[in-house]
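Can you read through this structure? Questions will come right after.
All chains are identified by letter, namely A, B, C and D, in their written order; residue positions are counted from 1 within each chain.
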Amino acid sequence: MDKVYPSLDDAIADIPDGASIAIGGFFTAGTPVQLIQALARKGAKNLTVMCQSMGPGNEDITPLVVQGQIRKAICNYPFYRSATRGADSPFEKAVRAGQVELEVYPMGTFIEKLRAAGAGLAAFYTPTGVGTVAERGKEKRKFNGREYLLEVAIKPDYAFVYAWRGDRTGNLTCRKTARNYNPDMAAAARITIAAVEGLVEAGELDPDKIHIPGIYVQRVVQVDRPNYIPSID
Amino acid sequence: MAEKRRQFDGLSRELIALRIANELEDGTYVNLGIGIPTLVSNWIEGRDIVLQAEIGMLNTGPLAAQGQVDQDLINASCQPVTEMPGTCYFSDCESFAMIRGGYMDVAVLGALQVSEKGDLAGWNNPERGFPEHIGNIGGSMDLAVGARKVIVAMEHTTRNGDLKIVKKCAYPVTAVGVVKLIVTDLAVIDVTDKGLVLREVAPGLTPEEVQSVTEPKLIISPDLREIRL
Amino acid sequence: MAEKRRQFDGLSRELIALRIANELEDGTYVNLGIGIPTLVSNWIEGRDIVLQAEIGMLNTGPLAAQGQVDQDLINASCQPVTEMPGTCYFSDCESFAMIRGGYMDVAVLGALQVSEKGDLAGWNNPERGFPEHIGNIGGSMDLAVGARKVIVAMEHTTRNGDLKIVKKCAYPVTAVGVVKLIVTDLAVIDVTDKGLVLREVAPGLTPEEVQSVTEPKLIISPDLREIRL
Amino acid sequence: MDKVYPSLDDAIADIPDGASIAIGGFFTAGTPVQLIQALARKGAKNLTVMCQSMGPGNEDITPLVVQGQIRKAICNYPFYRSATRGADSPFEKAVRAGQVELEVYPMGTFIEKLRAAGAGLAAFYTPTGVGTVAERGKEKRKFNGREYLLEVAIKPDYAFVYAWRGDRTGNLTCRKTARNYNPDMAAAARITIAAVEGLVEAGELDPDKIHIPGIYVQRVVQVDRPNYIPSID
């Protein structure tokens, strides 16, 4: 199974208007920026995106907002910490203007909901958020005297992930904290598109050090290592 | 109208962090939140304390020096950090499994408000003008619920002098009844079943002065003393 | 009393496996259960089919030759196997996440009984005399529920001639309504909404003979033919 | 944090009667046999054990059965396939005689229940087992038109795990299919005891290839590589 696509644009060509897309990466680390840029070039509209941040440390997502491609964002850290910087942020403006719907989950709940989808589970009970606004509209239930919230799985149509090394069959190895959301998003999505820094032949990766098994990855594209300067103020 | 401001001078942010570092026991796993909590890491070098970063790292080392920055190696505050002997990496999902699973001996978190019952409000400042259900939750709710002990590190009042230790949180809470210890620029306060117990005060301050900037009635510890650093 | 036995001779176990191998498409991920299903692996060498082992392995290679056995490298039937280019290892928990998550294009499973509705009974033989809720479930229930397509590989009747393709499973079921294709020593049968469709029969057998050892009424496919190998 | 114990017997010395113990390994691969043997030497009674198999490919567990140490077994593949071999098996005899209580779960459900405990989740909804005897006594619920069973977390007091390499702080690297149940059992238990083939200093393991983070492991003991001949008939 050779899953390599010749270009970023080919790899995302079939993404329709209205698609939902999980985007890996935690601030600067492990974000598939080139795939996001390709999506901005393509211009698909009415999208639902699921990712950690809608701006801070992930400015490459801003063109999608400015071009009005995003209908809904599901994330856990949407805004700049600085109110001043936030006031200038296209995403914050779009949220205030009601142009983008925003759904926020605690970080652990957010990724566990995606993991549940990939693992074929319908829902789970978590203690996180009990007694907070995260309870709203959710079933609360006691197990062994402690309260938990019911959280249902979220299954995206696509996932964009990033890896340090990948082989042609889709096996991926991540590097340091750039692993973060990428494995569980890859498993959750119907179609996972991986941007890899180093493309190798099957058998070249250490089989005990593959963080994303190839079965979860449908398309692989080689990219240059993006250059970041970590900052989220 | 006179401009409101903080009434008392107390510890610097760095010394709040030091006071918390002294509270941590050796042989523990600790997660440090954004803000003052992050500064705690400056005071534990050489100690047998393992720092976890929500992004998926154990044994997080000191901040990376200029020129040593690796964009694939950051903490949950997006700061470039370094490796230590014994560092290991894992997914974010595993990281929060670990946090909810009770493996953090201590989480040190910042706060906008703390109630006398130990409720923590830290993730959402209504002054930003968003609806109350959206904001930067990040990993704070998971940490507040999952850690065996939650220590709050914050300034005792806002810059405007508004009280942050309150009877009931007005801001959206992060978790209910989880805070065990509050360390501020002015005081060290235990959250107990009986109420808030004032254990230590900043040099030069009286318990009455601390009470004057604290909404709930403080119980004065029989062992009350100056903050030890 | 005369000893009961199988009435017809058909394909060997190896040829049942070959018939199933021919049914598999290139570019698919496949899990093979214990018994005849495992033999399918002998017929797919060189094909673009990736085998998953529940223990936590993708791209499972052929059985290890004597002298090449690595005790840290076995399949879910506890047989020593080998690596292939592109092999990867993961935890058992991840393996079943993958299985339930719908990533197996095909699961080939053995069965004690299959019903006309596609119910599969394979994990618990009441003849062992245990209560019906205990037995070697193993990974069979997860595979039966999770795979996109379940193919049953089995002998058409028991050694004693008892029917295995039945109107309703008498044995505890593994999953309900999941079987899409049954391949036996005597026939290839599609499980459809309208009932069981006899698609192929073993060389020398008539549809009537296959029907005589099959409890539910078989629909004869208009394209009925001899089993192709 | 130096978690190394001088001997197997020291590492398990505090296990009380009535404890529950999850034991890693899948048939022959990755089973901490030396810890099981130490438990047989110690003779703690009234135990609940959670493991894949109660005999097949895991004969080292038999002494615990013969000595009457086990009150309850929770597993997914308890018996020999061969009825003849099974009839001679002490575990099968003990089950038939009602001396050991046996709880059987589908393999995926079994390890997911342990994973849930380690992940601080109370319960989850799985499609596995719907319409089977696995339903008995369980809540059934529809999500998006499909039925699921509610499965609650199982938290063992102890876990015995096996690893190819381990450092003094408890970080463990597994090898090939010997990984299997070990990571999730380590996370689930209150106290995890690891038998490692190769004990190294902190910093010697590749930090991107640690399958069991040290935080999950409270005790480490060095052992010789056990010699198995894989067979489960």
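Note that in this section a contact is a pair of C-beta atoms (placed from the backbone, for glycine too) under 8 Å apart; a residue touches a chain by one contact, two chains touch by 3 or more.
Since this is a predicted model, take the numbers as computed values, not measurements.
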Chains contacting each of chain C and chain D, listed by label: A
Chain pair with the higher count of C-beta pairs in contact (A-C, A-B): A-B
Distance-maximising chain from chain A - centres being C-alpha averages: C
Centre distance in Å when chain B and chain C are each reduced to the mean of their C-alpha atoms: 57
Geometric centre distance via CA averages, chain D-chain A, whole Å: 33
Inter-centroid spacing, chain B versus chain A (mean Cα positions, whole Å): 28
Chain A and chain C, separation of their C-alpha mean positions in angstrom: 37
Contacts with two or more other chains, residues of chain D listed in rising order: 112, 115, 119-121, 126-127, 174-176, 179, 207-208, 211
Chain B, residues touching no fewer than two other chains: 83, 89-90, 96-97, 99-100, 146
Pairs of chains found to touch, sorted by chain label: A-B, A-C, A-D, B-D, C-D
Chain A-facing residues of chain C, complex: 27, 29, 48, 50, 52, 58-59, 83-90, 94, 96-103, 146
Chain D partner contacts - residues on chain A that touch it in the complex: 112, 116, 119-127, 141, 143-144, 146, 148, 152, 173-176, 179, 206-209, 211
Residues of chain A touching chain B in the complex: 26-30, 56-57, 76-79, 81, 83, 86, 95-96, 102, 104-109, 111-112, 114-115, 126-134, 136, 164, 174-184, 211, 226-232
In the complex, chain C residues that touch chain D: 34, 53-57, 69-80, 83, 89-93, 95-97, 99-100, 119, 124, 127-130, 132-142, 145-146, 172-177
Parts of chain D lying in touch with chain B, wherever the complex brings them together: 1, 115, 117-121, 167, 169, 171, 187, 201-203, 205, 207-208, 210, 213-216
